[in-house]
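Structures follow.
Next come two complexes, and both contain subunit A; in the first it sits with subunit B, in the second with subunit C.
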Partner chain A sequence: MEPKKLILQFEDVDKRLGKKQVLSQVKLEVYTGEVVGIIGANGSGKTTLLRLVTGLIYPDRGSVRVNGKRIQPGLVGELPERIGALIESPAFLPNFSGLQNLKMLAEIRGTIGMEEIQNTIRKVGLDPTMKKPVKTYSLGMRQRLGIAQAIMEEPDILLLDEPTNGLDVDGVEMFSHIIEELTAKGTAVLMVSHQKEEIDRFCDRVFQINQGKLTLLRSKKERKWQVVVSSLEELERVYQLVSSFTMTERVNGDPTGICSGEWETAEELYTFLERHQIQVRKVRETS
Partner chain B sequence: MITLELFQSLIRNKWRWLITAGILFVVSFFIKLSLNYSTVKQMEASLIDFIVEGLNQQFLVIIVLPMLFLFLITDTLLRDIENGYVSLLFTRAHSRFSWLIAKLISLFVYANLFTLLCFLIYLLDGLLLGLPFSEVWAHQLLQVEGQVQISPVMIILSSYVLHVLGLTSLGCW
Partner chain C sequence: MKANFLQIELKRSILRWQFWLAIILMGGLIIHGYHQAWIEAIHGPADAPYPTSTPADNNAFLVFIYSQGNTGLSFIGAVWPLVAALIAGDSLAWDRKSGYLQSVLLRIGYKKYIIGKIISISAITFFVIFLAESLLFAYGLIQFPIHDPAQMDPQYYPKYGSTLFSQFPYLYSFLIIFNISLFGAVIASTCLLISTKIRNLMVVVALPWIIYIVLSFVIQVIGLVPFAPIILTADYFSYHSDLWIIPLIWILLWGIISYLTYLSFQHQFRKKGSYEWNQKN
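Presenting the complex of A and B:
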């Protein structure tokens, strides 16, 4: 596995929009292969952070670096390369099909062909041969198309603004697979949302943005674990040890419960419980 | 980027183009009135006179045509930002400058399309009014001395170029 590389960096970024100080002294580092989440209320500056990375706006103070290169302000300043973004709901050309829309966008960079576009459309669960114009798409279909345009050129950095908005259960599952696949290849994902569940589910590190300040909420991804033990006494001891532990239905007649925590593997949790003399029958990650 | 910009503007502004064509069609009927007022009575105005008057009549050139063109292009720069399309473009464009260049080129293309639209509507309206086609000038009062010798086609072409350059400059400004 390749060592993680710093790919996106905010250095003491200040940004004022109108009279409002939207960002204040923001410091953030994102490494390859990780998913960083930012949670915050509406209007707290989450989308502004993403816009700064695309080069659409630039900081009043401080700098934003992508792949070590500072995003230059002004008209002639180069824009960062190899970025995919789904910021708010993009208004695709309404009279064209999804495939035609993506084809026109792909022609700007010219790095991928028709086959890659069609494969990406399939990956998000849409049919590339569908002739329907985008204006007839449902909200979920548009969101899937938005995800497709963001990932089709295999970006190094993926910027996502409330990415599961409008997606059904299958859509969220599809999105989860895409994120896993991309991060395994080394793509860094910066995701913002006002929904804590969305951020908790997908992100390794989580920040909160409040009055322009970024604060770290969690430095590791919380996973859900199913723990099967040999007796009710053991279950009681797990309950006392792990605060998030809740009892569930027995598995094969054995007392069982579910907890969440930052353990990265089942072995890690198993060792942790064994250290506290708890007789564990089985530990497995659950969704 | 340029192709996308052109497609985008035409599709998103199709209602504006239809409204503009409608207004031009209505306005073009007044050109005939203007011609009746200014033409030397002994000579009947031709189709060429009608088109040239349409492209040169002061009120049209100074007020109506620029207003209609501005109506068409008014959100050229802001549209991408308002509808969220800009993030799709900026993550693919090499620089902000290339995005701006695409906008400026599209302005030039629209100035051409708009002038062509004026020309076609005047032509259609002239035909509807039953004006005769003639390659010689009937409309003496439109021209300054010396222009009478110039071919009407050349006058129309130079008017066309002037309109395109003027409207593009207006759009850039």
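Presenting the complex of A and C:
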């Protein structure tokens, strides 16, 4: 696996929109293959942060660097790295089908052909042969097409704004697979949302944005673990040890519970529990 | 890159109903103009604003020139800007209104985008009008008798380029087609200029038409009648002028309007350093 490389960097970025100071002294580094999440209330500056990366707006102070190159006026569309983005609601030409829309966008760069476009449409759970114009698509279908638009050219940086908005359970699962696949290939993902569950599920590092300032909430991805123990007493001890632990249905008659945490592997959690003299039958990662 | 842009824009244009409305309007009004000219130029009253001629003087070339909107024989002269704007003029306004512009600007520089847009939309409008007019000219050649204009009474010649008309009527007819196609490109770039400020599709398509009517009126009022847009596009019978005057006027206007469009679009990215902010305010 290639070593992680710094690909996106915010250095003391200030941004004012009208009279409102939207971002203040923002520092952020994103590396290849990681998913960074930013959580914040509506109007807190999450989307502005993404727009700064696209070059559609520029910082008032500080700098945004993509692969070491500074985003500056005139750079929009000629960014140093390929960027895929789904910012706010997905925008398409309403009178054309999803395939036609993606084909027109892909033809601008000319780096992918019809086959790749159709595969991407299938990947997001849509039918590439569907002739319906986008204006007749449901919110979820538009969102899927928006994701397809953002990922079809296999970007180096993927910017996502409330990506699971309007997606059903299958859609969220599909999105999860896509993120895993892209990050495995080294794509850096910067995701913003006001939904904590969304950010917790997909992101390795999580920041909170409040009054224009960015604060680190979590430096590692939290995973969910199923823990099977030998007795109810053991289960009680796990419950006292791990704050996120909740009891679930027994597995093969053994008391079982689920917890979340930053353990990287099942062995890590197993060792942690053993160290506290808890007799564990089985630990496995769960979704 | 430019070829890509042209392809995309052509595809987009053809798949819109507005494009086909433009074709229907152009075809319908010019064919109507043909027949109106054919009937009235032969049987019209003695005090008609256009010269009435004998069937021997009348021919496919003459009625083609009349059908372009001369002195009320065809309505096309009054609606040329609308027809040209409907072909592809609302493209930039669509991109801005739908938010599609943002997806496009992730893939291409804004300077390349607007230059590509100006060239492709102008070229599409030019070629669509050129092709449609050529087909309509062919229709006239099939439908009406072809007499050598050199044998006609010279009083029936158009005043614009009368020598070319009498000696090379086919070439002359294509010059008229070329002129009106250039005018189409001017309207297309005017639509783009308006679209850099306004996202309302109706306004973008209709405003050049209103400007055309108002300008034609004002220019005629101040005494520069031969330079009124409606005279330059439709009336080849009333005023003498050199052959190159009309195409030169349209080419210059296209250049100026296109440059203004480029500047206006670029300004969106410079003002306050924020394109998006300007989109919302």
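Just so we're on the same page, the second predicted complex is superposed on the first by the 279 of 287 C-alpha atoms of A that agree within 3 Å, B and C clash if a C-alpha of one lies under 4 Å from a C-alpha of the other, contacts with A are read in each partner's own complex, and residues count from 1 in each chain.
Quick note on the criterion: a residue touches a chain if its C-beta (ideal position, glycine included) is under 8 Å from a C-beta of that chain, and two chains touch if they have at least 3 such contacts.
Remember, it's a predicted structure, so these values are computed and weren't measured experimentally.
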After the match on subunit A, would you call subunit B and subunit C a fit or a clash? clash
Name the contact category of A:Leu217: first (subunit B only), second (subunit C only), both, or neither. neither
Answer with first, second, both or neither: which of subunit B and subunit C does A:Gln149 touch in the superposed model? both
In the overlaid three-chain picture, which partner chain does A:Pro94 touch, first (subunit B) or second (subunit C), both, or neither? both
Is A:Gly84 touching anything from subunit B or subunit C once the two structures are fitted on A? First, second, both or neither. both
Of the two partner chains, subunit B (first) and subunit C (second), which one does A:Met104 touch, if any: first, second, both, or neither? both
After superposition on the shared chain, which partner residues are touched by A:Ala266: those of subunit B (first), subunit C (second), both, or neither? neither
Quick check on the output: what are the common subunit A residues between the subunit B footprint and the subunit C footprint? 51, 54, 56, 74-79, 83-85, 87-89, 91, 93-96, 104-105, 107-109, 149
Per the touch rule above, subunit C residues touching subunit A in the complex are 4-5, 7-8, 11-12, 15-16, 94, 98-100, 102-113, 269-270, 273-277, 281
Listed in rising order, the residues of subunit B that touch subunit A in the complex are 1, 3-4, 7-8, 11-12, 81, 83-97, 100
Would you mind writing out the residues of subunit A in touch with subunit C in their complex? 17-18, 51, 54, 56-58, 60, 73-79, 83-85, 87-89, 91-96, 100, 104-105, 107-110, 149
Which bits of subunit A are touching subunit B when the two form their complex? 50-51, 54-56, 74-79, 83-91, 93-96, 104-105, 107-109, 149, 153, 155, 159
